[in-house]
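I've put the structures underneath this note.
Shared between the two complexes below is chain A, which has chain B as its partner in the first and chain C in the second.
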Partner chain A sequence: MNKLYIFLKYFFIVVWTVFVVAPFLWALTTSFKDFQSVNGGVTYIPWVDFEPNLEGWKVLIKSPAKGGVDIIEPYFNSMFVTCTASLISIILGTLSAYALSRYTFKAGFVKNNDITFFFISQRIMPPIVLSIPFFLFLSSINLLDSLTGLIVVYIVLLMPIAVWIMVDFFNKVPREIDETALIDGCNPYQAFLKVVLPNSIPGLIVAGMFCIIFGWIDFFFAFILTFTEVQLLPVKIVALNSSVTPWWSLSASALVSVAPLIIVAFIVERYLSKGNLSGAIK
Partner chain B sequence: MAKIDLSNVSHSYNPNDPNPVFALNPFSMTWENGNRYAILGPSGCGKTTMLNIVSGLVRPSAGRILFDDKDVTDLKTEDRNIAQVFQFPVIYNTMTVYENLAFPLKCRDFSKSKIDERVNSVAETLNLKSFLNSPARKLTADQKQLISLGRGLVREDVAAVLMDEPLTVIDPDLKFRLRRNLKEINEQYKTTLVYVTHDQNEAMTFADNIIVMSEGEVVQTGSPKELFERPNTTFVGYFIGSPAMNLFESEASSNDSVKINNTLIKTHTNLSNLKTKKIKLGIRSEFIKIAQNQNENLVDVNVEKVEDLGNYKLITAKLGDFTIKSKVTRETEIPSSKVKLHIPADRCCVYEDNKLI
Partner chain C sequence: MNFKHKYFFLFPGLFVLIGILIFPIIFVVRLSLSGWNSYNPGLDYIGLENYIRLFTDDPRFWESFFRLSFLSVTTVILQYVIGFALAHMVWKDIKFKRFFRVLFLVPMMTTPVIMTVIWRTFFHESLGPVNDLLSVFGVAPKWLTDPVVAKFTVIIVEVWQWTPFMFLLLLAGLLSLPREPFLAAAIDGASPVRKFIYVTFPLMAPISIGAIIIRLIEASKIMDTVYVLTSGGPGTSTETSSFYIFIKGLREFQMGYAASMSFTYLIIMIISLTIIAKVLTKVLLKE
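What follows is the complex of A and B.
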């Protein structure tokens, strides 16, 4: 029984690992291949099956004039848009989440939970529903094809995530913490800034991580709301897919685009495993 | 340090409902400066609501709160200069022990040297000196509760320190020492201490005034002795004391005596103005002794069991259909299963509608 359990456990771990890692290995090997090794039949092992070269990686930083694809600018565009939108979403989301968690709102039959659900419901709807309204909205304020316009749209998309995570988190932060701070002589703003917020860093990190992930991977809105002036990384990568697909540079750029998320995941994992998620009470 | 007046205070969590449910029924009370009070009652009787009203976390549906005759009903918590300690330790996780203790003073812009002096003195009292520089979240649960307590005690000028079952998470040995410390602090600084608990022993040993509550009602206020000897209602008699007060349902048979199981028991209560004849007779088991040479107020009982509880013996006996309990000294010999017990007339409390006459 016990042996069977161990066998099954490791079996599933191996299967899952293969499932998760294989695409990366595939992309990694492909990024070092040339036209011949991609199209000439199945090859796996470098130096044995094919001769690795750096062509796929070099094109990424070459300017288009020299036959490269130059992903540096879209890369920084993506970073700027994602980070700015995430930061603003976290700030606004945290403030509204705190209010929703601690104060009672009532407008007719609409109460706190309904407001929270309203935020979340923005993510239930398929994003394509919003494409035309967003397009018209941005064009009406002349922000189509601009970083600012994308940031506005991304805030709309990311703030519900921040609100959702932070409401849940604040609900778990005992009210007594705020009350103690009031008793100790803080006004409600100081209580929030000096006591509740420092205690909520784990929640902020989780919310921030989700915002960054969802912002970074968005292709849809970046695709329909920009044309020539600005380009975000996912759009750029997809655009590589021309009549003759350069699988090598496509793989390389895919890996480069995943890299920041892997770094984020490692940092967060480190932080969470230190046990910093435990609450302030008991 | 202040005298606290609660005048006609009541609270309902649904005041706009046509039939509001009151967590706290209207009551008035004065807490004198420098005294120790215990609010005693079973869970859900409104004890915490009462504290929260005093500290300003809850605004009462009706009534006024006065600190030193100044109306503070509309004053915010942070402006009331009050300290409150909750049942579970509340600490500021991101700060060190020192910063935790200093926080209430820092918020009120005390000078650095003053903060240092107070924090050190409180840490000394609570045995936290060696932890001052460690992060507060690294401490054990009872040390964390000490920090909560310390934050309550660090300001010398607080109107009152309100404690909501603060010693629940602390182990018994330390509990005893802390209760003594709190008493010392009260005597030294003349701080008004209000202590909520459902443990009567804790209340009795700690406070010089006990407020007994039941179902949102203040049932009786008084010294431990008063509560023990003259409970206002059968609830207090039942709730205070271990074992609970003996209560016999019976009828008044003359102006000062009641009949229990065909035996006439004399009391020192005037029973001539009763509306109905139905009353309850209450007597503490501590006052019931085996009859020596008394010639009245004697009852014949059948002893059911005798428990030796270390410093005393507890006799459980049958008096007709009633159960009667008597606490006697260890040395007392219980001769046989048939015993005569003496019920002293001056210790009898008579209740009509569960209220003392």
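What follows is the complex of A and C.
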């Protein structure tokens, strides 16, 4: 019985591992193919099935004038938008989360939990509902097709995540430490900056990672609110997916875009194993 | 503690969020009462005409909504079962524990649309590896062009993409469980199966509810994957509500009508998610 269980367990893990890895392996091999080895039937193993070449990768750094796909600018645009929106969301979200965790609010029937729920419930909002008014609004103030416009929209996407994780985290930081700081003569802001924040770094990192993930992987808003002036990476790559798709450069650019977030996976795992994510969803 | 300071902490975030959201939402409601389209762009007032059209004369919207419900419920159930199984497997000691944990997290870190572009080549009917390998068995499913199979292709891609998120939430939950119940079960000599049914699962119930709700919320937005994978096709067989609203609003520029659909959609989402949350809480916590 026990042996069967262990066998099934490893079997399942192996199957899932293959499933997880398959598209990456396929993309990796495809990125070294040329026209013939993509369109002349399915090929798998480099040097055996097909002769690998670097064309798919070289195209990425060529300028568009020479027939390249310029993904460097979209790459930095994506990074800039993601990081700025994450930073703003984390700062504002952390302040609000601290207030919700330490003080009591009451306005009529609205209490702390309701305010927290209001923040988090913004994730329920389907992006399409916001996209139409944002589209019309941003075009009326000339922020359509600009980085600023996107950052504003991304704050709505990311702040709920920051508040969600940080409220929970502050609830686990003992109140005594702020009280001690206050007795020692700090004002509430000093207590927050000098005592509470340094004790919340794991929470800030986890919240930051989640903001970066959900900012980096967004496609929809970038797709609707930007066109030619500003392009983000996902939009650029999907645009490559036209009728005569160059699968090799498509695969290479996909791998390049996915790469930086693998580091995030390592960081998340580290904090997960330390137990810093534990209470977030209770 | 001083009374005023708390507002300085709370308000910047709260007001930025409300400030960004309030006008779009009011505007959607107002827009839904207008006949804004590409011939006649402007906020005229046509009363409830759009809503009447939506409720009496647009089966495509309701079909897309039921399709969305089917897709999101199916994917979330699959993600929950697989995610729980995976989390349970790498929870306790296993070889290369951290390697598997990182590996199982990776798909959620990848951009859905970009991976979907890869999946499209993967499921390509003549040049993709799946049908090439399946040709050994003499079958060649039309992954992207058969109305029924295409739905399952969407489900496969969604499960690949988002099971890691479920896995992450459930593993975080498992790691936070108290030790005592497990010690007690071990002393009683409970088998692994009984231990799971009587100890692990009940303890995980609140976390499961949270994780399922979070995933349902995110799954109800399925749109990117569909756009890239099948563009809603073949026909309308993989079209979800968001995608249909997108076509009406930002492709055909029937802004007024699209706004009435998106407002209806938002209300339905809020009501149905609240009901699901209530039901799940009752079912999982009572046992």
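A few comments on the model shown:
Here, the second predicted complex is superposed on the first by the 266 of 282 C-alpha atoms of A that agree within 3 Å, B and C clash if a C-alpha of one lies under 4 Å from a C-alpha of the other, contacts with A are read in each partner's own complex, and residues count from 1 in each chain.
Heads up, the rule we're going with is that a contact is a pair of C-beta atoms (placed from the backbone, for glycine too) under 8 Å apart; a residue touches a chain by one contact, two chains touch by 3 or more.
Bear in mind the structure is a predicted one, so any value in this text is a computation, not a measurement.
In this superposed model built on chain A, chain B and chain C occupy separate space and fit side by side. In the superposition on chain A, A:98 makes contact with chain C only, not with chain B. In the superposed pair of complexes, A:182 makes contact with chain B and with chain C alike.
After overlaying the two complexes on the shared chain, residue contacts for A:269 are found with chain C alone; chain B is out of touch.
When both complexes are overlaid on chain A, the residue A:237 reaches chain C alone and has no touch with chain B. In the superposition on chain A, A:125 contacts chain C only, with no contact to chain B. After overlaying the two complexes on the shared chain, residue contacts for A:109 are found with neither chain B nor chain C. Contacts of A:198 after superposition on the shared chain: chain B is touched, whereas chain C is not.
Note on the composite model: angle chain B-chain A-chain C, taken at the C-alpha centres, equals 90°, rounded to the nearest 10.
Taking chain B and chain C in turn and counting the residues of chain A each one touches, the greater count comes from C. The superposed three-chain arrangement places the nearest Cα atoms of chain B and chain C 6 Å from each other. Across the superposed pair, chain B and chain C both touch chain A at residues 182, 187, 278, 280-282.
Note for the complex: chain A touches chain B at residues 174, 176-177, 179-180, 182-187, 190, 195, 198-199, 201, 278, 280-282. Here chain B touches chain A in the complex through residues 55-57, 76-78, 81-84, 86, 88-95, 103-104, 107-108, 137, 141, 148, 151, going by the rule given at the top.
Here chain C touches chain A in the complex through residues 1-2, 5-10, 12-14, 16-17, 20-21, 23-25, 27-28, 31, 82, 85-86, 89-90, 94, 98, 100-115, 117-122, 127-129, 132, 160, 168-169, 171-173, 175-176, 191-192, 206-207, 210-211, 214, 217-218, 220-221, 223-224, 228, 241-242, 245-246, 249-250, 255, 258-259, 262-263, 265-266, 269-270, 273, going by the rule given at the top. Here chain A touches chain C in the complex through residues 1-2, 5, 9, 12-13, 16-17, 19-23, 26-27, 30, 38-39, 41-42, 44, 92-93, 95-100, 102-103, 105, 115, 119, 122-137, 152-153, 155-156, 159, 163, 182, 187-189, 192, 213, 216-217, 219-220, 224, 233-234, 237-238, 240-241, 245, 247, 250-251, 254, 257-258, 261-262, 264-266, 268-269, 272-273, 275, 277-282, going by the rule given at the top.
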